[in-house]
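Alright, structures below, take your time with them.
Below, chain A partners chain B and then partners chain C, in two separate complexes.
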Partner chain A sequence: MRLHKKGSTLQMIAIGWLLLVASVGLLAPWLPLPFPPDSVDLNNIAQSPFLPPSDVKPSRHWLGTDGYGRDVLTALVYGARTALLVSLPAAFAATVLGTFLGSTAGFWGNSGFHIPIVYWLITSLLFLGAVGLASDFPPLWWTLLLGLVAVTVISKPLMRIPMLRLSWPLPIDRLVLGAASLLASVPRLVLILALAAVQDSSLIGLFLLLTFTYWPEPAHLVRAELLRVRALPYIESARAIGLSGGQILWRHALPNAWRTVRTAFPLSLSDLIGLETTLSFLGVGLPSGMPSWGRTLAAARLDPTAWWLIIFPALALAGTTLALRQLTANRITA
Partner chain B sequence: MGRFLLYRLLRTIPATWAIVSIVFLLSRTLPTDDLLGQALIDKSVGSRSITAAEREATLLRVQQRLGLAGPVFYFSRIHSTAGTVWQWNGTDNQYHRWLSNAVKGDLGQSYRSGQPVTAVLGEALWFTLPLTTSAALLATLLSVILALWLVCGGPAFLLSILYGIDALPLFVVALGLMLLLANPDIIPLFPAYGMGQQTTENTPWNVQISSYLYYSALPLASLILVKLPSLVVQLHDALRHELGANYANTARAKGLSAYQVATRHALRNAMLPIIVLLTDLLPALVAGAVVVEVIFALPGMGRLLADAAAAHDFPVLVGGVLLVAMMRLLGLVVADMLYFLTDPRIRLQA
Partner chain C sequence: MRRLIWGLSLYILIGFLPACNPQASPSDAVRVRWVRDPESLNPLIIPNDLANQAIGLLYQNLLTVDNQKQVWVPWLAEKLPIVQHQDSLTLLTYRLRNAAKWDNGQPIVAQDVAFTLKLMNSPGLPNEAARTRFSFIQDVRLDSADARQFTLVCRGRAPEYVHDSGDYPILPEYVLDPKRQLRTIPLTVLTQPALVSLSQYPVLADFVRRYNAANLDKSPMNLPGSGPYQLTAWRSGQALTFRRKTNWWADQLPVQQPPLLAVPKQIDFQIIPDNATALLALRRGDIDVYPMVPANEFDRLRTSENGKQALRFYTADSYEMVLAGFNTSRAPLNDRLTRQALNHLFNIPALIKATQNGMAYPSVGLINPQEKALYNDSLPLLTFAPQQAEVLLSQAGWARQGAGGWTRPTAGGQTQALELSITYRAGDATFETIALQLRNAAAQIGIPIQLRPTESTLLLSKLRAGDFDVYLRTLSGNPFAYDFSPILHSASIDISNFTRFGTPTSDKLIKAIVREENPARKAQLLRKFQVIMRTESPIVVLFVYRYRLAADRRLTNLRVSGLRPGYDVTTIEPLPES
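So, the complex of A and B:
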């Protein structure tokens, strides 16, 4: 009982902190902050926090300023907004993509997903056509899409031909695991560093980069869960009453993996926030002028005695990470 | 064992090759105009303005020197008045040349300094490898000691501290250490950056080593601190699980102390799940070295990669990615060998 109470208090604190970060990030442009983001106050360079306001200016730097005279409090608030804009969507997209790939890989394995030869033929023809023709005429993509729809309608009668009714399995499991091991062959930070150098830094680019390098984590979890679920008797009964594979996966097997996904999501989010701040610290990924907790910490390198440039962003970061983990911890014990 | 290792390598080498190829091809799809323009400006400084033909010739020479001449891949799409045509380029393309040179050990030359990439990488590796391997060894050793201590009645708040450290990314830990231990206002115990003045050949070796330790203490400590929590928590869990097993009860019943039960009986079994973590330790530490070397301004692999990424110095970047990927292969091999040494059952299977 005592333990439970302690757990729920911690849970309340964690949720409270996350709500605070989220609301501050969302409402950042409308908060009564005395200094706009990324603005330079050259009168107060590297000012310590909690100093009384100077006579010249009534507004004060509550948490001090960095070596360029940028307000730390403003940077923290807008850094929370950046975390909301980049890490949260990336964690969400990576979880969705990972769940999709992991569940199909775990559920169908290498031999479970059969595609009739008709579809193989049509897909390869369409692919060749797309590569050869459509790449410079955008409208052709639409004709191709229409063609695909038309072909799915035609393929039903084509299936009457016995030879075309044979099917080849699509080795989904091998494909997904192969892609994951491809991404795992270089440490994530090095890979992101290399790929971020190749493209221009932008919000969308960073979002895509984080999503496409992070999806293997949820995918591995969901795949393992579905490997367990697909051997359960109720899946067999679902097959026996004649449901299609997709229906079983979506309506019956995936809800069992939902718990895993829900537990892993806060951890993914905290990982990605850590990754994003590390990248910003190194000056990679985010377009310049975009505030981030990592950027504020990077400013501390210029002036190692400025403890407020390290303590406040580090506290924000550690608080968020610990709160997200607390969410997960309670899920596991509950 | 040889067959087992060979099988593992055959499975992982293609992935390594593919990812390095992807990075290479992506780096070559970027427009190189500004790069070439820069090289042209360097050439024409101080001389008279060059004619269009001379400019063309210089451009071609620079392209040739940097390996940027010719098509990028085996096939390419050509836009002409008749529409787009797919063209087969044969083996005379940038990728083929790069790959065949890379197999021979030649990774091209740096865009920035013009030095061969292998020399640049080797120099950086000479610094980073001691740092990362000693960090890996010390982290493993410390995690075993701490987990044993926790199991034999160590203070429980140690775990909370480790959880707290684990919540922070590496760069925050490193900055925190720098703030605490290299700060003239608090405790100026260690240098904040650099490797000190170059030691000459005739300095006694003990001075060299102590100077090295003095300058790499903080980077080493931050690398270890970041890797420690996951290792200790996992090992502690595994040890507790093993100590609940019947054979541990038997060992206790015959009168062994808690420490003896843990070290002589449980530890070997508990190490098995940790080896998986150890596989990724070396490459993870190389990635960690990126952050640590940038913070402490050390001349290693990590800072080389970060600088190359920032300056679009792609030969160095691709070479670095290749090297890191190879280090991961090495980690896999070492982990497999450790498996063999730790668990006789695997020896029987292979």
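So, the complex of A and C:
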């Protein structure tokens, strides 16, 4: 009873903190902050927090400034906004992608999903054409064109030919696990740093980078859940009454994985906020000049004695991560 | 008992083994902080100041600069050249020192100089910068009676020829061309304006192949020079170790003056990109010399008790400046009024205070304020005046769209927007602060500026390709030469004139400054040049550094100066640890 009460109090604190971070981040442009996010106060470089305002400038740097003269309070508020703008959509997209891939891999395995030969042929043509486009080799463009024509015009008539109606299984499970293993074979941070090095810093770029490197986590969880669910009797019943694989997966199997996804989502978000902060600390990913908790932490390298550049962003980061983990912990124990 | 004696003997032997190790003990080595890798130690390329410092340990020029006295002194040459004028030619006669020898004991002779000049002009080698810089040397005449004497034949006249003609490392012919095949090709063939074709000269083609195969970028040990040190280790991005030669030729000289003085037995350049890590290394005694300490840390260290006890602190007014350059070939910046307007958005006094703790000084242009005779003090220093910038922008034809940005119509009837980016070396706090200040000031009057911190290796190629609007960089100068052709002459566009600036008037003036021999007239031309540069504003000098150096107390004779790198590593005398 006491444990339950303690848990709910912690959860209330966690939700309160997350609401605070979310609302501060969303309302940042309208908050009465004394300094705009891109302003530098060259007269107050690396100023300690809680100092009284000077005669020259009545505005106060409540949490001090960094080595460039940027206000730490403003950086924290806008850093929360950046965390929301980057990590939340990336966590959502990675969860959706991971759920899709994990569920198809878990539900159909390596032999449950069959594709007619004609579609294999069309896909091969399309693939060759895409390679041609990428490699700037004109003859291969024709195969792309041919593939597109085949898709739109002749695929249905071709299906009447008995030999082309035969189908081969698509080893979805092997493909998904292979792709996930490939991503897992390189440490995520190293992989992201390598990919970030070859592209210009942008919000969209960072979002795509985080999404395409994080999807294996939810994919593994959902796949495991679907492996369990597909063996349940009601799935067999659904097959017996003639429902298609897609219908069974979407309407009957996937809802069972919802709880897993919902529980894992805060963890994903927490991981991605940590990752975004790490990347910002290392100076990659985000466009230059965009405030972030990682960037504020990194500014401490200019002035190692400026403790406020470590303590305040670290508190914000730790608070958010712990709050998200608390949400997950409560769901698991509930 | 016998076993015990054997064991004891073995133990003693093992104990003495380290004494036989040729590595220097820590007290013999001078450990210097470098901020980044020198990239290449190819003596034909010399991509940056760090490479220049390292190459100066491996190879020797005919002449060098005594940084502390700020004068040119002979190095491999016996004395400064004898100058003669013959019609439109300048003849500079040098004689190499009698004692100068390569590592194999062979004397360094005039043929080595001729060989080096051929390398600097040969097609197929990475010598574009050297070829451009020394294009005034047309030929070399060897003295038939004295193997060490030669005369350089230079096109035109310029006082700078006296020292410029000896400012390149002399390379050994015996290593790269043991059969002396290159002697069959006269230098005049290679110094023609049009590059010769390698297919015409199979001997040259063979040589070029050999040179490139030597991989001198990373393995300069394949080409041993006449300098006092040899590179014994290069861990890329970590450290370079130079070991003093035991049989260096200058050791035989009765009196050793600074250019021929090489005291440390070992020099370690520790590459520590991060300032905080470098500071920690200095405090822990992992490095001995920390050049260009960040200003706030320098002040903090020299006022702290620990700092005073362990370190010595030096400052010197330098010739190294921080400047912003505008890409004059790009549409928004191709008129002088727009560039002048942007000049007024730099808050120079505040930047000096914020980034250098006041340890820098402003300048009206590229001439150092220390050079009082040449510095145009009638020009006012730039002021931070956003309102003035708005007025100038209006005069340039820009109109502000409400509270938004600035636009102006183009000749083709389209509308041009004033949106800029600023490119600078990533990780440099000074550049970052300047860029943020400019962006902030520009945003207040409606000009959006995007920050583009760029890796140092990428930065140079971007600048050369003109892929930028505004750049920030440092520029090292000296009090000897006033040749602005590499950075501001239209002939240097695509090579080192990153702003792509050049008008017939400025080109003519730059050449006139180089040619002028009369000091008074030269000063007059330089003052005029500063006025033109202020009007045209292809670049704006933000401030000139005051060098700051912290070194371990046990080190003496650093010969700190205002010339790059700010100290003389070869004269440092490490005292034995007490």
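Operating definition for what follows: the second predicted complex is superposed on the first by the 294 of 334 C-alpha atoms of A that agree within 3 Å, B and C clash if a C-alpha of one lies under 4 Å from a C-alpha of the other, contacts with A are read in each partner's own complex, and residues count from 1 in each chain.
Convention: contacts are C-beta pairs under 8 Å (C-beta built on N, C-alpha and C of every residue); 3 or more make two chains touch, one makes a residue touch a chain.
Since the structure is predicted, the reported quantities are computational estimates derived from the model, not experimental observations.
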Which partner, chain B or chain C, touches more chain A residues: B
Which superposed partner A:Arg325 touches (first chain B, second chain C, both, neither): first
Which of chain B and chain C A:Gly283 touches, first, second, both or neither: both
First, second, both or neither for A:Val40, with chain B first and chain C second: second
First, second, both or neither for A:Arg301, with chain B first and chain C second: both
Which superposed partner A:Gly274 touches (first chain B, second chain C, both, neither): first
First, second, both or neither for A:Tyr68, with chain B first and chain C second: second
Touching partner for A:Leu189 - first (chain B), second (chain C), both, neither: first
On chain A, the residue positions that both chain B and chain C contact, one per complex: 283, 301, 304-305
Residue ranges of chain B in contact with chain A within the complex: 11-12, 15-16, 18-19, 23, 26-27, 29-30, 77, 79, 84, 86, 163-164, 167-172, 175-176, 178-179, 182-185, 192, 280, 283-284, 286-288, 290-291, 294-295, 305-306, 308-310, 312, 314, 317-318, 320-321, 324-325, 328
Partner chain B, residues of chain A touching it in the complex: 132, 135-136, 178, 181-191, 193-198, 270, 274-275, 277-278, 281-284, 294, 297, 300-301, 304-305, 307, 310, 313-314, 317-318, 321-322, 325
Chain C residues touching chain A - in the complex, by the definition given at the top: 274-276, 279-280, 294, 296, 300, 347, 350-351, 353-354, 426-427, 429, 432-433, 436-437, 439-440, 443, 450-453
Chain C-touching residues of chain A, taken from the complex the two chains share: 38-40, 42-43, 45-46, 67-70, 283, 287-289, 301-305
